[in-house]
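The two complexes that follow have subunit A in common; it is paired with subunit B in the first and with subunit C in the second.
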Partner chain A sequence: MAYSYKLIEAKTLGSTAASITFNSIPQTYTDLNVLCSIRGSTNGDGIYVQFNGNTSSYSVRQLFGDGSSVASNTPGQTNYGTIGYTTTVTSNTFGNLSIYVPNYTSSNNKSYSADSVQEANQTQAYMNLVAGLWSNSSAITSLTIACQVGNLETNSTFYLYGIKSS
Partner chain B sequence: MAAGMTYFPIATNTLGSATSSVTFSSISGSYTDLSIVINSGSTASGQDIRCRFNSDTGSNYSFTYLTGNGSAASSNRATSQTFMPLDYNGYLSGSIATTTIINCMNYSNSTTYKTILGRFSTTAFGTDAAVGLWRSTSAITSIEFLTSASTFLAGSTFTLYGIAAA
Partner chain C sequence: MPTKLIINCETGEQTEVELTAEEVAQREADAAAYATQKAEQDAAEAAKAAAKASAEAKLAKLGLTAEEISAL
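Moving on, here comes the complex of A and B:
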């Protein structure tokens, strides 16, 4: 019986970084799943994804709650796909983020789903559910995660998994 | 099953032509949970994606959503349905750009009603998180996916994974 969920690469930040990139992603899986533990240097900063270093053709609709209200919006940025937000109000606190990309090697546009939480035992927290689309037919060979304003903090972790459907 | 391996592809279906329904049948009861990943579209944009378990067409399904369409957030529910509606704003679009991830817990027991957790995302319409209930104590042995008024696009993919606790 085939084992279908395999770690491709893991990254742990030993120092702050503007971004992390998984390069040379094998084309032998069906789907990708990135699981992250993230802290940003700037409170309320957006976390985003880019594929293949491309800076166009992203669209997002998101549903989010901040602990007191729930809302939905359509971020206008097309140069990256928003996938979550950071909170720095409590030290040593990291948020969780999952990005799922089905059929990442197909010639269709690439849709993805992202879920993230940033709980801080404070009045400010974020929970985001994202529908994302990269309107590009290229197979995904690299994936970058970054903050819009600040940096990714030391000890943030990023695990890229490949999932096979057969 | 090799020790330590917990996530297995049971079956996958890539549609060679537009198809009105997709069924996974003869599902083994040897796993703990099921996970289904669908990357799909429909021949008519804006259609629901639905499912039925064990070919049950009785009014035994209910569903509660948290949903965002890109401008507003809301929660809705449907009870005593003859199918399990799998989206509210995460509709199928006219291209293969909808990501659907469904987790079905403890699917093979013969004591409890069956529940699912779902995430449905398309930038054409929005994103949903949902819980569903099938009021049957039968073990799930088949799952049928269908759309409200059209067919799934050729190239849509449906993959069923089994998750083993040990």
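Moving on, here comes the complex of A and C:
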């Protein structure tokens, strides 16, 4: 039976932060999964991921559902991978986000996926599916999550899981 | 000064570090680039919605019902 979902680290922010970084990630799993409950300080802000502190070679395709239509997007930024969006429309409400990184120790380029949803008491609340690529052959030892404009708010929560394939 | 939180997964040690001036500058540049991209995206979506509404209005003037227009 697969050795699934071993919690590596968990953190609930006690104060606002520009970013959160998990470093010295154990190289003993097959895949990584980060589950997040995030509120940003800025409405409509992008949430992004970076690996190993690297600021190049990211590419992303996004699919959206916004409550009334569907759309797709290709963000132009290559210095990080956009994985979701914040909303501050409803007070004290956090969006949800999952990032999956298969084969994070391999010497091939790294694919990843992200599945996120804003939570808002209105019609428009984006659901966002992301296919991402980090064109870098280094094993992932560090993973950073941040907002593009504002900060991660207090009580945003992050769980990093390691998953083995056997 | 904004801070970043670093968690060492081997030791569990958590460190809160102030962003360097270089990191703040990069963050501001990223924010500006993101704002530009988002404005372009919003404008494109608004233009598409306006074109759709205009086309539907013209079709209605030609005598198509709302049901016929939505069937196109």
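Definition applied: the second predicted complex is superposed on the first by the 162 of 166 C-alpha atoms of A that agree within 3 Å, B and C clash if a C-alpha of one lies under 4 Å from a C-alpha of the other, contacts with A are read in each partner's own complex, and residues count from 1 in each chain.
Throughout what follows, a residue touches a chain if its C-beta (ideal position, glycine included) is under 8 Å from a C-beta of that chain, and two chains touch if they have at least 3 such contacts.
Bear in mind the structure is a predicted one, so any value in this text is a computation, not a measurement.
Undergrad: Give one of first, second, both or neither to describe whether A:Asn151 is in contact with subunit B, with subunit C, with both, or with none.
TA: Only subunit C is touched by A:Asn151; subunit B is not.
Undergrad: Just checking: does A:Gln122 make contact with subunit B only, subunit C only, both, or neither of them? Give me first, second, both or neither.
TA: neither
Undergrad: Contacts for A:Ser166 in the overlay, against subunit B (first) and subunit C (second): which applies, first, second, both or neither?
TA: Once the two structures are laid over each other on A, A:Ser166 reaches subunit B alone.
Undergrad: May I ask you to decide whether A:Ala17 touches subunit B, subunit C, both, or neither, giving the answer as first, second, both or neither?
TA: A:Ala17: touches subunit C, not subunit B.
Undergrad: Quick check on the superposed pair: does A:Asn109 touch subunit B, subunit C, both, or neither? Answer first, second, both or neither.
TA: The first partner, subunit B, only.
Undergrad: Can A:Ala71 be said to touch subunit B (first), subunit C (second), both, or neither?
TA: Both subunit B and subunit C are touched by A:Ala71.
Undergrad: Where on subunit A do subunit B and subunit C both make contact?
TA: 71, 73
Undergrad: If you look only at subunit A, which of its residues touch subunit B in the complex?
TA: Residues of subunit A touching subunit B: 1-5, 30-31, 59-64, 70-74, 100, 102-103, 106, 108-109, 111-113, 115, 129-133, 163-166.
Undergrad: Spell out the part of subunit C that touches subunit A in their complex, as residue ranges.
TA: By the definition above, subunit C touches subunit A via 2-12, 14, 16, 19, 26-27, 30-31, 33-35, 37-38, 41, 45.
Undergrad: Under the definition above, what is the set of subunit B residues touching subunit A in their complex?
TA: Subunit B reaches subunit A through residues 1-2, 5-9, 12, 37-39, 66-73, 90, 95-99, 101, 119, 121-123, 125-129, 155, 157, 159, 161.
Undergrad: With touch defined as at the start, can you tell me which subunit A residues reach subunit C in the complex?
TA: Touch list, subunit A to subunit C: 8-9, 11, 13, 15-26, 44, 46, 55, 71, 73, 75-77, 79-80, 146, 148-149, 151, 160.
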